[in-house]
């Protein structure tokens, strides 16, 4: 399982607008192995979302190359390998909660009966059983984001790209979903790229943490998380965990 | 300075839609003193935003009473006492960053020269000097939220209502803005109601923390934060701080 | 039924509008006739009560012809709306196609029926087809433009979500762009629906036997003695416009109820 | 060039006669022969169209503001304005002629009426379809009704307003041209209807071509303005 | 000749204007069953401001049309496959009417005045009149487009308005003007008359349907004769066509009386109703050429044919 699933080679992204240019990402080279769980960590505006969007084939880098499972990112996208959670929920106003979660299942043409079970299981997972008949604007901010998470998990994607999925959630819900995410991941075996600005979250979840520095966004260090799996809540209080936090904080401050 | 600035008396909020009803907030009674900094803490969907919107006179509670500075919330709103940061940035697409921050200043009729200085100072505060000529969609998610924060601070409101303002930000930016917020607060003397789901953030910032329990949202406990002011980053590692975290966690778990 | 109930009723404003309009109209008519003493005052603004009298006398004829026009309008409207929708979809696919087809669409609108009729007859050699086509031709433009705006105004991230599912283009339309464009489509339809009535009337002028247009034309050209009857046909036309508009509004509420304007709690006034 | 070729193909495919749709060369001939007349008439008709559209769009916009400010009352008014669209020009022309005489005024009035509804309906939609949170923001500033319009609703309605303006470019041209059929002694519409009735198809089609060119230019101008005013809108992002 | 058995031959007649006594003969023929007797199933298609009968017939939307000769000639010149088969109105019905207070007692007085006409093929008689009195329509007076109602005349926007004796003139009388309040310039008296309502057919259609055309004309002329003989009955047949409330019987009756004078002028042999008068046609064609209605002198042999009328009278 150690073939590189996602491979970036000197990837740069320059946003151009009429007047100015912003170099959002510069010369990022990295490998993510199949089935690996990695985090992108870095300050606001450092290019995390941009990198994620490049991996998802939603934008093309102005320079450099990206391969997904040996092929182009486009091929991977067309093969419906991706599930994405965006930074904002991006729910469709005209669909109820359950219909929003249903969306990707409809798109891959899953049978109706099967869909229903899946959606109910997901609703339970994110704790929104009672809200499945509501419209998005009737939910709180955190609830909306949970719907978006359920939607991304629905098709059990080969590659799961998550952009700060839990930042709108309280610590308990967040820790609960952290654990759930790990358990789903261990079952499905997806490759997960997880954007976060929480150091402890990145440690708790990941195999490796990619730390980015801003202006322009570059890869400043890669931290291996040596904690054994399955991860448990107790580990959060282990000295190893604190050491890792300190390490990453250092690599941050070095910026 | 110990007159109650915001006073809720057995406030309840029942959302009604064609089909169902949701009791979002039930029988909340609380006092916030003038110049006080309080936090609302609670799990996703427990009614924090609802409470904030009631205080802001954006919705009327279905039951109970609210007084702001002895008068109705409506009177306070009409006297332009409020500055609000919503959970999502809510920027105007057609205004550049600096114009978005300018908006409340235009509305209170501030002179142009004065406005410019104020906006520049705010841009520096949130670290977006270089982006003032950009449109919102050219910013990252965290940057957009920072613009919204600057906009709320712009008119130095008497009452500042903030709904998870920093949850989209990385720890460094967040800690930086925590400190800045406290320093602005100490200068302006605003009453601040701060919604967050971070226990440590609520402790670091507040005089008191209101802990809410969900379904329906009730006030489960009020925690006095006895840490002296001005708060410093070191305090985050003090035993007192850890004790407070533990206390609040307990009152949470008691839910 | 107390006063409060009446005042807060949904239909109260409508009643006030209609009644107010009638009063203003009647007064203007009187004013023009007796104060200004304008020439042909009754042709300029006829008395409402005279029109009402005409309606009581010829109401049945007006109703029958109005019904004929309305069903013709419905056919033209369906065709025009479909055409407009298709064109909007086509143009939304790429700017390039838009730039290529749009000048034609605009130019086509500049061809009056007078110039268009011979061509359409020349091609189809069938009156019925020609009439339906002409009625559709009049309605498609506003629908196309509004729909295009709707299709183009979709939240870019929502489109990216679709890309991430590797959604086929038609899926993106079906699941995202169409629903998102519905509000725009409906304002287009609201403009187009009364236009379709106009279209139907114009088409009736091309030698039809029935319809409010036929009645309108004949009364116009049978001399000013038929002023009230002519005005009655104008009012029936406008009334058909109102009906078509309200019908579309009703359908909008059923098809796209999630718009902010329709939310029970979303109001600000 | 492509157009000319298509035109000829059109002829071939549908087996049209030249008296139904003349071939381009004869139209071109008629155009060059009558170019001064056509140009001056085009100017006349465009004046009617542009003035009528400006007045009609302004009225429609003002009405949309009133309707959006008091929607309970405004909705009924919108229906009435929209219903004016169901009165065909054949009926409007004699009425307007009585009110405003046979001069430009009556056509300007026709165009005004024809363009009002599109603007009123679209601008109303744009002013009402605001993000509820943006509205909350305005409320938190204790914005007066007019400020909500000034700072939020009007800007929010701009994409809709421009759509209406685009519809109105063609509507106003049609209104002016067809309005001229009935009473005018000048203008493209006058020349067009006269020419077609006496079988001068090439001249009639010259009018149509000139009108089409003018209409497209008119449209492109509005589109250009839209690009300038709606730089921020999704549809204009790269 | 396709009238074997009870099968009626369908045929469509395109009017130049809305159904009214101007076309009484056809309605009469329809009502009295003259068409049916000839084995024809006639549909009468109403006209209107946007309908050009010549186009309709050329396109095949109708088989036979009613138009004015001055309008038929340019269409023929443009290659529309049309040929005139009968001339219903032997005289021009066009007059210029003015209120006496405007002081237009003779055509010279038109100088400096507003003179109205519907244009679009109806203006040539008036132009010929101007020419005869050496009035330049672009300089000596203002020659303006008149709507199809008489509103502009009534509102004094037009001093001398074009009017058909049978319609617009009657409308003016109906508005309360006495004949003595009005001055009338008659095109026939001025020698600038052109032929008006005729019958023409699509040449290609006619080629194979001469018999049918003759039957149609025969029945129509019989209708006209009947209408002239019994105006009341004629108006009944017209009123049957007009919707309730849209026109008045009186108006149609007046129209019928005036139309009768054009179809069967004083001293005209009733046996000759519908005949095409070569001389008048020629005058019409010459005026048409003179005022640029047609670029080249009309080829009279192509423009009309007596053949159908001859078949009618057999």
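By written order: A, B, C, D and E. Residues from 1 in each chain.
Here is the rule we go by: a contact is a pair of C-beta atoms (placed from the backbone, for glycine too) under 8 Å apart; a residue touches a chain by one contact, two chains touch by 3 or more.
Computed from a predicted structure; not experimentally measured.
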Shared chain contacts [chain A and chain D, defined touch]: B, C
Omitting chain A while every other chain stays put - resulting connected groups: one piece
Chain whose Cα centroid lies at the greatest distance from that of chain A: E
Chain centre separation (chain B, chain E; CA means) in Å: 84
Chain centre separation in whole Å, for chain E relative to chain D (CA means): 37
Averaged-CA centre spacing for the pair chain D and chain C, given as whole angstrom: 15
Multi-partner residues of chain E (at least 2 other chains): 49-50, 52, 55, 59, 148-149, 151, 155
For chain B, residues contacting two or more additional chains: 15, 17, 88, 137
Residue list for chain D, restricted to those that touch at least two other chains: 17, 19-20, 90, 94, 98, 131-132, 139, 181, 193, 196, 233, 237
Touch list for chain C against partner chain A, complex: 155, 157-158, 160-161, 163-167, 171, 175-176, 179-180, 182, 256, 258, 263
Of all residues in chain E, those that touch chain C in their complex: 14, 17-20, 45-52, 55-56, 59-61, 148-151, 154-156, 167, 170-171, 174-175, 242-248, 251
Chain A residues within the chain B interface of the complex: 15, 17, 19-20, 22, 41-45, 48-49, 87-88, 133-134, 138-143, 146, 163-164, 167-174, 197-199, 252
For the chain D and chain C complex, residues of the former touching the latter: 14, 16-17, 19-21, 69-73, 75-77, 79-80, 82-91, 94-95, 98-99, 117-118, 121-122, 125, 128-132, 135, 139, 148, 159-160, 163, 166-167, 169-170, 173-174, 177-178, 181, 189, 192-193, 196, 204-205, 208, 211-213, 215-216, 219, 233-235, 237
Of all residues in chain D, those that touch chain E in their complex: 17-20, 90, 93-94, 97-98, 101-102, 181-185, 190, 193-194, 196-201
